[in-house]
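These notes open a run of structures that come right after.
Both complexes below contain subunit A, partnered by subunit B and then by subunit C.
Right after this comes the complex of A and B.
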């Protein structure tokens, strides 16, 4: 009697329910871990991350940091991580470029252009990324051999071994140079932002161009020149069967880059279109009434208003690009999943550790991104709304 | 009237009053409003015309449709023989030929869901019952069971696997997604935190890592002797993955419900489950049909990833086709076929979703 009355008390009932759920989850986890440890013991696999310091023994063709099969599994993980970041950044840049172009074409007043880009966007986004990827990979592999490589402006070669481009003769200098450039860019954008924010009504017109150019170009350049990280360009030369000098973007990287960029550009195009169309019609009419020319209205009224709602969606598309770069495993590009989640896992049998490591890395990417998003929303969201 | 676009506003009053025909007027407004635009239009027209000519020539006019082997591909254009010769493999995989009618019925049952979403005269409970029974009916038809001979799931491949994973995955993900959405909005902290953790964890990792988990890790967690079919393991991953995304869609629907609905349910003395099941969820689900369909399109595209862990879906069959010596060098045709297959289904479904959404908006007004 007492117990049933107690259970009818909502708060007690709720606590009991939650306790039961928690207990159930804990029991399932305990059971899984128990089974796993029994199974691992039976197979003679030691758990833990100790294997990361063992010799990897497999080669990775495309690596940004020095790597040989004699390096450790941990180094292989780092190579994979950097490859993931590289292909993601390359794809983000190209996808944004193509996506904005397609999105603007999509809202063009020119019927022909808007229809054609509509068709293109719909085709690109309704075909799975895997299909894009294997198709691009087959196209890259069908390029002429090294002997008949396509020469691009006398500096780069496109062949079935990928794209060979000029690179610094001392690679480490590039990193330092880029670092200084970024530093200058950061400084420049901070200074420029401060300056421009003082007179916001002037917008981004010609009278502000010196400031913008100074902030965006002059300061980074200055920083770069001061840093003294100058490198010699190493232009590739064809030697019949191979290329001397330069750096080769492997067919796998090329295919993944193109497929990922082109597929994701359709999503960015839709976001751009949606954002531009979400600006109320009254704004266009107001611009018209004030005698703004369409291009000026677009630059000064429509685009500034369209950018804010675009940011969260664009960010999630970028995050998707990072996640989708895991498809490198399909064509054998050694990024995070195919190096640590694939080869390392197969060689060591440490399935749980390897997959946990890969998943944790992706979780960090997404946590960092959402932290940046929150920061942005806090800064900009509060001000504009 | 300004145009909402980049073009120069050419309003009707700037046009000369004696416009020859409506078509000409339209073309002038849309294509040749200014010299620059006219130039752009002409360039696009010529380019796209040339492209259409080249593409059609390759696709149809110079293409080979009849023949049996690579040797018959004599034309300059595409050679569709790898598709026509292997169509059975593409659609049914290694399913025994005498039993293929079962697959056909399963396809028809799966396709039957979509018109059901549209016909409003049918009681929603029947739709729900259909959805609940569909996966079991499909499994019974495909795998066999009482009354039907058993077929090994290693014979499943091609479009059969793609459709099976997509449709069954979606149906199973729905209840889990709804529960997770309710959990995320629950007032009980333990349930809320667990739901949020699950949803955010799944959403922040790529599907491929989850599929790797299914193919390499699940065996470690199961008692020895338990051996789950790889197809079912992959299906489980797709369900758990889709459920996390679906939870967010349903949560959006739950948040969109007017507060009065919750209050009315409480005023009538409904318990939580009764209020949800009889008042809130039916409305939420009706409103979220279009986004859920969009999600299905996403899942249908994601199913192609299963070939990474060795399940032969339609992409797997296509890749094996292009790598057999018999059909080597016909990648473009095979992958174009693949792309068009997915495009046809996904585009139709996303148009359908948009149409349903517009119908919903109309009915709300």
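Right after this comes the complex of A and C.
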């Protein structure tokens, strides 16, 4: 009886304490917001998000959706958001590829390979990201001018205006073709998912890669062929000040992509190395005893077991890539921070709203990434039953 | 125990967040703040030759800097009592509207939307400019229309960015833009050929070109596409401080009009009031204008004595004897057919 009452008292006390702190925090936030709005009123700055429907009046050269200065600030926000997403996804893909490669090289039995990869990782991760960025940007700008552009197989051009590559001409891919491709990819991955779900996780058995690649490539192709979509290449040609046709990866995008990927790959390499080395020695010996060759043992036994401890750390590296993409502002890549947090903020004076919008967007990006990675982590988690 | 630590941590965090707000909330008039602090915080651009830049010997120089120095002389009696704060084109209005700086003297254009939206008040035009274009000489371009399809280097949040969009949109011309915040990076990208042209206030372009390794490799087009009355902004809602900055600028312009220079100002002040009552009112030997502004009666005298009149400031920083070699142009006195028309001091 006495013990229960003490416990209850402790619980009540703790609830009261926590409630009081919560109230205090809420009160402080209320006061901050109130104070800010009073001060803004006094300075004649209107608050609220009404400005988002006004005409933006500034240009964003690199846009994934149609955009002109006559569009609204909200459209400019969407353009910035998509640019952030694009460079983040591109960097995540390249960083993962390079990182896994470097990480596996780090634990290689070959002395030269492991030392070289060690040196590279140490060099890359000990140089600040901004320096990487400025280095790559200077490098791209040091390329020849448009008129002396380096031709790559007569279809792509590398110049100080970036990399101009052929792209599907307007209307061919963007319409039905893209839809069919997506549908094919979706069907392919669904089928693979079902197939994989039936396979017990044992790392042995036939390799699944042919099946996965087949599903991801053959199915969209099939869909594309049976659809009435047509694909026409739009090959860039030198014209006036730049190139006509094709798609240009601007120097800003290239620099940001390379800098982010290469810098982050060094972190992924260390995570991969750590995870591989965390697999108990006994597993190597067991593989050896079962007659696995070292390379096969790595691919079939060690790496599958290393994936699980990797996920949380790789997640935080991915989150860092997304957040670090905001450094695009240094080289003038118009992502979220440069568009909404930069020019829009400056023209409208709505500092609090613009920054809140940018913060909320990054928060959503990060939470979604975490959720996806947690889901994946759950899927690849070691089954103990 | 653990809980208590958590509680303390939370509370200190709240304190940290709230502290600056409380400090910011207790704001008296800018003049009182400045007098108490003993210095003026002046927001400048830090790398615009002739307007605000650090000279080789480590002193701040330029027309925008001299306006701040004149206000310091008028309010504190000492033109050197200025703390310079570097601002970018992007953060300048946040700095002035939040009270982080007392004067924004950074070749900033006077526009309606800035006066209305940005929590800042304009004082008076200090320099009349217009938006121009600079391109690579090798292109052989002579008019703006030739720049159809070109890539432009731009500073974010400037009137140039909006003027370009308006002008090219109206003419049905296409362009691409590269927007970089730091002007040194921006001009270096232009020199490296990232952009075909750069657009900014004409004087800004000319000032920058003098710093290039090969100025002759770049041409400035003769056309201007906008009006750019440049001058100082102060934080909104402080009429007294706005008056002080505005009238200090007018005092320097009036001094030129009346022939009062830093060299002859002492002699002029000692002359009998009846000789020239206008000069006597300007220099504070007649009337109480300075006191009405909350300053000493010798406010204008100090500014002229320590910094020079408008004509001297122009000549010292951007005139024919400087590397920039600007003509007075629109910035001549109204008596010479220019736009410098200071309201009378009486």
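Rule of thumb we're sticking to: the second predicted complex is superposed on the first by the 307 of 385 C-alpha atoms of A that agree within 3 Å, B and C clash if a C-alpha of one lies under 4 Å from a C-alpha of the other, contacts with A are read in each partner's own complex, and residues count from 1 in each chain.
Just so it is clear, contacts are C-beta pairs under 8 Å (C-beta built on N, C-alpha and C of every residue); 3 or more make two chains touch, one makes a residue touch a chain.
Keep in mind that this is a model prediction, so the values were computed, not measured.
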- When both complexes are superposed, which of subunit B and subunit C contacts more residues belonging to subunit A? B
- Message: I'd like to know which partner A:135 touches here: subunit B for first, subunit C for second, both or neither.
- Response: first
- Task: Give one of first, second, both or neither to describe whether A:46 is in contact with subunit B, with subunit C, with both, or with none.
- Result: second
- Message: Contacts for A:343 in the overlay, against subunit B (first) and subunit C (second): which applies, first, second, both or neither?
- Response: second
- Task: Applying the touch criterion given at the start, work out whether A:14 contacts subunit B, subunit C, both or neither, answering first, second, both or neither.
- Result: both
- Task: Please work out whether A:61 is in contact with subunit B alone, subunit C alone, both, or neither, and reply first, second, both or neither.
- Result: second
- When the two structures are overlaid on chain A, which partner does A:240 contact: first (subunit B), second (subunit C), both, or neither? second
- Who does A:24 touch here: subunit B (first), subunit C (second), both, or neither? second
- Message: A:161 in the overlay: touching subunit B, subunit C, both, or neither? Say first, second, both or neither.
- Response: second
- Task: Return first, second, both or neither, reflecting whether A:35 touches subunit B, subunit C, both chains, or no partner chain.
- Result: both
- Query: Of all the subunit A residues, which ones make contact with subunit B and with subunit C?
  - Reply: 14, 17, 21, 25, 32, 35, 39-40, 42, 138, 142, 329-330, 342, 345, 351
- Task: Please name which positions on subunit A make contact with subunit B in the complex.
- Result: 14, 17-19, 21-22, 25, 32, 35-36, 38-40, 42, 104, 107-113, 116, 122-123, 126-131, 134-135, 138-139, 142, 277, 281, 284-285, 287-288, 294-295, 298, 323-324, 326-327, 329-330, 337, 341-342, 345, 351-352, 355, 358-359, 362-363, 365-367
- Residues of subunit A defined as touching subunit C within the complex: 14, 17, 21, 24-25, 28, 31-32, 35, 39-40, 42-46, 57-61, 68-70, 138, 141-142, 145, 160-161, 239-242, 250-252, 329-332, 334, 338, 342-343, 345-349, 351
- subunit A touches which residues of subunit B in the complex? 2-9, 30-31, 33, 37, 40-41, 44-45, 48, 187-191, 194, 201, 203-206, 208-209, 212-213, 216-217, 219-224, 297, 301-302, 304-305, 307-308, 315, 318-319, 322, 331-332, 335-336, 338-339, 342-343, 346-347, 350
- Complex contacts: residues of subunit C adjacent to subunit A: 3, 7, 10-11, 14, 17-18, 21, 25, 89-90, 93-94, 97, 113-114, 116-119, 147-151, 156-157, 161-162, 164-166, 169, 175-182, 185-186, 189, 192-194, 196, 235-237
